[in-house]
Amino acid sequence: MASEITVRRRKRRRMERLWLPALYLAPTLVLLWAFDIYPIFLSAWMSLWRWGIQPEEFIGLDNYIRIFEQIGSRPGGAPGEVGQSLMVTGFYVLGTVPATIVIAFVIANLLNSKVRFLGALRTAYFVPYITSTVAAGLAFVWLLNPQVGVLNSLMEWFGLPAQQWLLDPEPIVPKLMGAVGIGWPDGAPGFLAGPSVALVCVMAFSVWNTLGFAVVIILAGLITIDPQVKEAARMDGVNSWQMATRITMPLVSPTLFLLLVVSTIRSFQSFNEVYVLTSGGGYGAGAGSPLDSTLTLPVLIFRHLYERPSSVGFAAALSMLLFLLLLIVTLVQFRFAERRVHYD
Amino acid sequence: MALHTIENTTGAPTIVRSPAGPPKKSARTHAAQRWRRKAGRVILYVALIAGAVVMLFPFFWMISSSLKTFQEVNLSPPTMLPSDPQWSNYAEAWEGPPSGFGRYFLNSLIVAVLGTALQLVTGITAAYAFARMKFRFNNLLFMVVLATMMIPFEARIVPNYVLIRQIPLAGGNDLFGDGGSGLYDTYAGMILPGVAGAFAIFLLRQAFMAVPRDYWDAIRMDGASHWTFLWRVLVPMTMPAVLTVVLFGFIGRWNELLWPLIATQSEAIRPVQLGLMAFSGDEGSLYHLLMAATTLVAIPGIIFFLFVQRRFVEGLTAFGVKG
Amino acid sequence: MSMSKKAALPSFLLASTLLVTSCSGGGAGASEDATASTESIEGMELPEGVEIDFWHIQATIYGEAITEMVQEFNATNEWGIVVNESFKGSYQELNQAVRASLAGGGAPDVSMAYENDTLEYVANDVIVPLDPYLESEQYGVSDEDMGDLVDGVLARQRVEAYNGSTLSWPHGNSSMGMYYNADIFAEAGIDAPPADWDEFLEQARQVKDETGLPYSAMGTGKNGIYYNMLRSKGIDPYDPGAATTEFTSPESIESLELLALLFEEELVYTAADTEQEFTNERTATELGTTARTSTKIEQIEDRFQWSVALPPQESAEPITQLYGGNHVILSSDDPEQELASWLFMRWFADTDAQSIYAARTGYSPAVESALDTELLSTNYEENPQKAEAFDNVFVNAQIMPPTAAGNAIDDMVTGIVEEVVLGRLTPQEAAERMDAETTSLLASAPQN
């Protein structure tokens, strides 16, 4: 009797181990295969071709060789399109992700305390995320207008020189150094000069635009924290700084980790912000202007996909590059996070 | 794969690290503390409100522009407020696009509600399997799911279009997907590609993993199944995460632009974002109408957020559970 | 775990078949042999109610005009053809939709296309050449009607790179004109827009001295203005057929020096939206597309006197940039669909439709006879600047010779001209770089 029950239970358990996860995962995996995973395989295949509207010629790894060639310099000494876009993407990710998460963490903490008009305040911080990028972008373009924008009026008011903002391809570091009277050393590597003023403006827009997303994610994590834990800590005389860093941070670390991973991925893929803010320059000035100083990798992919002949294969190779970069970055994040993220 | 180490471990909810030891208190420090707390409050409000003003400015700008005439909206330097508010812009914008905005709103609502519901259900079950079930390749599969977030959007458009058109037995297609137009120009075609969302699964998995294993052990004793545990215990306990998925799912759907543009042709089923495009083109834009229409289109998202952020807290207290 | 295999297998099979079909270019409908000849078209009877899909990029008043025109065609055409128009977003989005449809089926019968796209489409055998239709007695275009087309507009439908074929038919066109604020001109003591580029510089200094205002605003894409300078001096920047360039010619160096000087002396500045600078009276002139004449009329109202002139010229043959798109027929292997498409396209480029288009929007009509229609003549009387845009500017407009490398060259030139304007490169250095890069881009571009 008893052994029969054990056998049946063991059988049931094995069934569960086999079939239950399969059942729970099936819809997701089927859909992901059809709409996401299969396309990336197709992309990998296309990247081996010269491909316009149809496959034109099988060229093996030539597209990848072209990527490497275009990392290097152009005739004038500037980096090639791919090299430039990798640098711009690097600046962009490093400039937006940490800033967004830190600011969002502070705001979410403030919004999680007992304040009046909580609903209204939370909504205020979330509204930019809902507002269409185009509408918000137009408002920003005007704020940053070199001739009549509000920002230049403010600069003037503070006695600072007016700037070209979104139209300025000059890198920011030499500019800031120049402002305090230090010259930029000749022959210093280009990437040390930092992002262009135009790119910094786009990054600021991006932080503003995605802040609401990050705040809501963190809030959802904060709300789940047992208030008694905090109360107990407060009784022990923990100050706000300690509360944030020693209590809250570890407790929401799974959320923060998720946010880090997701924000990094999104930041690497950012296209809309760049497109809306920097392609308004009239005929011939596509996204990425001025002087390709806002040319992120997705913008370069876009350029090759639609504005270059028979470049679909090359665009696919660039997509693979972006995909692999993201895969590596995410794996590194997981590896580093495993020791720091606390579940439970 | 590095993932196994951050899997859920058992244990009751505890403070992870003990804070610095309690300082000694005296009456004087007590008064000083109270004063400091008050000052802190003021600073808090000032900071929060200043931040909110910065965040809201472009939205204010959008509404202000939506009430200007064509001439005024192109003035530069611009006027802060419309000199003579043109409420008729809203009526004009509503009637502007070929099918009228009413139809676009209905279409978007259908796509957003169905799309979000499907994403939620598939996301919850998948996240549960990843967070709570032991099977081989769990971590590997999860990484694969996560990797789908990294696929550039541009790489998906054409394959998705081909697939949608070749779905067998739909839209006049035969068993092999030939002959008809498949799910092209249908709601289903618009909805399907976005249903499986790695972000939703990731978020829910993190939330599910944070729930102590004790709950499962307890309910398991009563003979409950995974299904019951998931829907009766886990989902209510992780309401903020579930609502976050719903919120972002809805807003993501509502703001979708490129895929519906490619996947549809008739104005009768197109969503609001395509309606907005009627006001801006390669040969110039009608900013005043664009802004009026954009404001209208943003309203459902804001209402939805207000609703969700209230439920954030209520959902938790209603079930009497605290993480 | 077995589930992954089980779930993946059917979809893998499905996907593999897709891979095969999409890689063999299955849906692309290559139809070299199905190409219609004049004989097969002659005498072909169209059944009542042939439906065709038409994809375009036009929104705002342009989209409304198209809707109006399509309705008019659907209501009045003698064959009962029904055109279903569909707005497909920006130019890149349309391009994306067309590519997807060529891979997966459902391509439109008529689509808008620029010359560069047409070149790529024709290389993939998806374009129906129009010559058999043009030559047809029954469905063709008479010599008289051919003569009615504005020269530059007709020329762009049969450019050299098409190897003697006519591959597209007019949609809507505009050109690069020089807008000027007559009030600021009067204040500075200038009575007419500049005839050549020396006078351009002279006037720029004069306006700065007399009024303190800059003479002109330019966008971040200055390649168009630079090209216009070169062409007004009688040379083409590059020749795709011979793979040669004129970037290092004296005329080119001269043009780059002028641009550098204009910015150095702060007579001209870079702005995000040059139209806004002009309509808000912050600059005396603007070099821009004449398509914006209608919106300028609305924005400026009576605030100041203004007009549009041909940009400065320095050779016997006046010339300026021609803008806008064309229509092409994407082959459907169905002669009736293709004939119906042609009949719609022919109508679209003819007097009635073009007069509607030109009256409702800022485009200039493709045919001169549209000017005689009541609709357009009334409209031009009420909006004299639109008439000036046609008479002064549009009739002189020609496109640059198209090449598959065109966009890449434009981007490169845009960048280098910007560096000249910023003072990072001397005109000579810039010219040499443009020459080297263009030569290699032209050499590596796919030949048709």
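So that you can tell them apart, the chains are marked A, B and C in the order they are listed, and the count of residues begins at 1 in each.
What we mean here is this: a contact is a pair of C-beta atoms (placed from the backbone, for glycine too) under 8 Å apart; a residue touches a chain by one contact, two chains touch by 3 or more.
Predicted, not measured: the structure shown is a model, and the values here were computed from it.
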Innermost chain, taking as reference the mean of every protein Cα atom displayed: A
Chain pair with the higher count of C-beta pairs in contact (A-B, B-C): A-B
Centroid spacing, where centroids are CA-atom means, of subunit A and subunit C in whole angstrom: 35
Interchain centroid distance [CA atoms averaged], subunit B/subunit C, Å: 39
Chain centre separation (subunit A, subunit B; CA means) in Å: 17
Contacts with 2+ other chains: residues of subunit A: 18, 21, 23, 25, 29, 34, 38, 42, 145, 147, 302, 305
Contacts with 2+ other chains: residues of subunit C: 1, 3-4, 15, 18, 22, 96, 99, 103, 277, 282
In subunit B, residues with contacts to at least two other chains: 76, 135, 138, 141, 159, 163, 280
Residue ranges of subunit C in contact with subunit A within the complex: 1-4, 6-8, 11-12, 14-15, 18-19, 22-23, 25, 28, 92, 95-96, 99, 102-103, 116, 119-121, 123-124, 126, 219-224, 270-274, 277, 282, 288-289, 323, 404-405, 407-408, 410-411, 413-415, 418-419, 422, 425, 429, 433, 436-437, 445-446
Residue ranges of subunit C touching subunit B (in the complex, touch as defined): 1, 3-4, 15, 17-18, 21-22, 27, 53, 57-63, 67, 84, 86-91, 93, 96-97, 99-101, 103-106, 276-277, 279-280, 282, 291-292, 295, 298-299, 301, 361-362
Footprint of subunit C on subunit B - complex, ascending: 70-71, 74-76, 98, 135-138, 141, 157-159, 161-166, 176, 181, 184, 258, 261-262, 265-266, 274, 277-286
Contact set on subunit A toward subunit B in their complex: 16-18, 20-21, 23-25, 27-29, 31-32, 34-40, 42-43, 107, 110-111, 113, 115, 119, 121-132, 134-136, 138-140, 142, 145, 147-148, 208, 211-213, 216-217, 219-221, 223-229, 232-233, 236-238, 240, 242-243, 246-247, 250-251, 254-255, 257-258, 261-262, 265, 268-269, 271, 298, 301-302, 305, 315-316, 319, 322-323, 326-327, 330-331, 334-335, 337-339, 341-344
List of subunit A residues in touch with subunit C within their complex: 18-19, 21-23, 25-26, 29-30, 33-34, 38, 41-42, 45, 52-56, 74-76, 141, 145-147, 164, 166-167, 169, 280-286, 289-292, 302-303, 305-310, 312
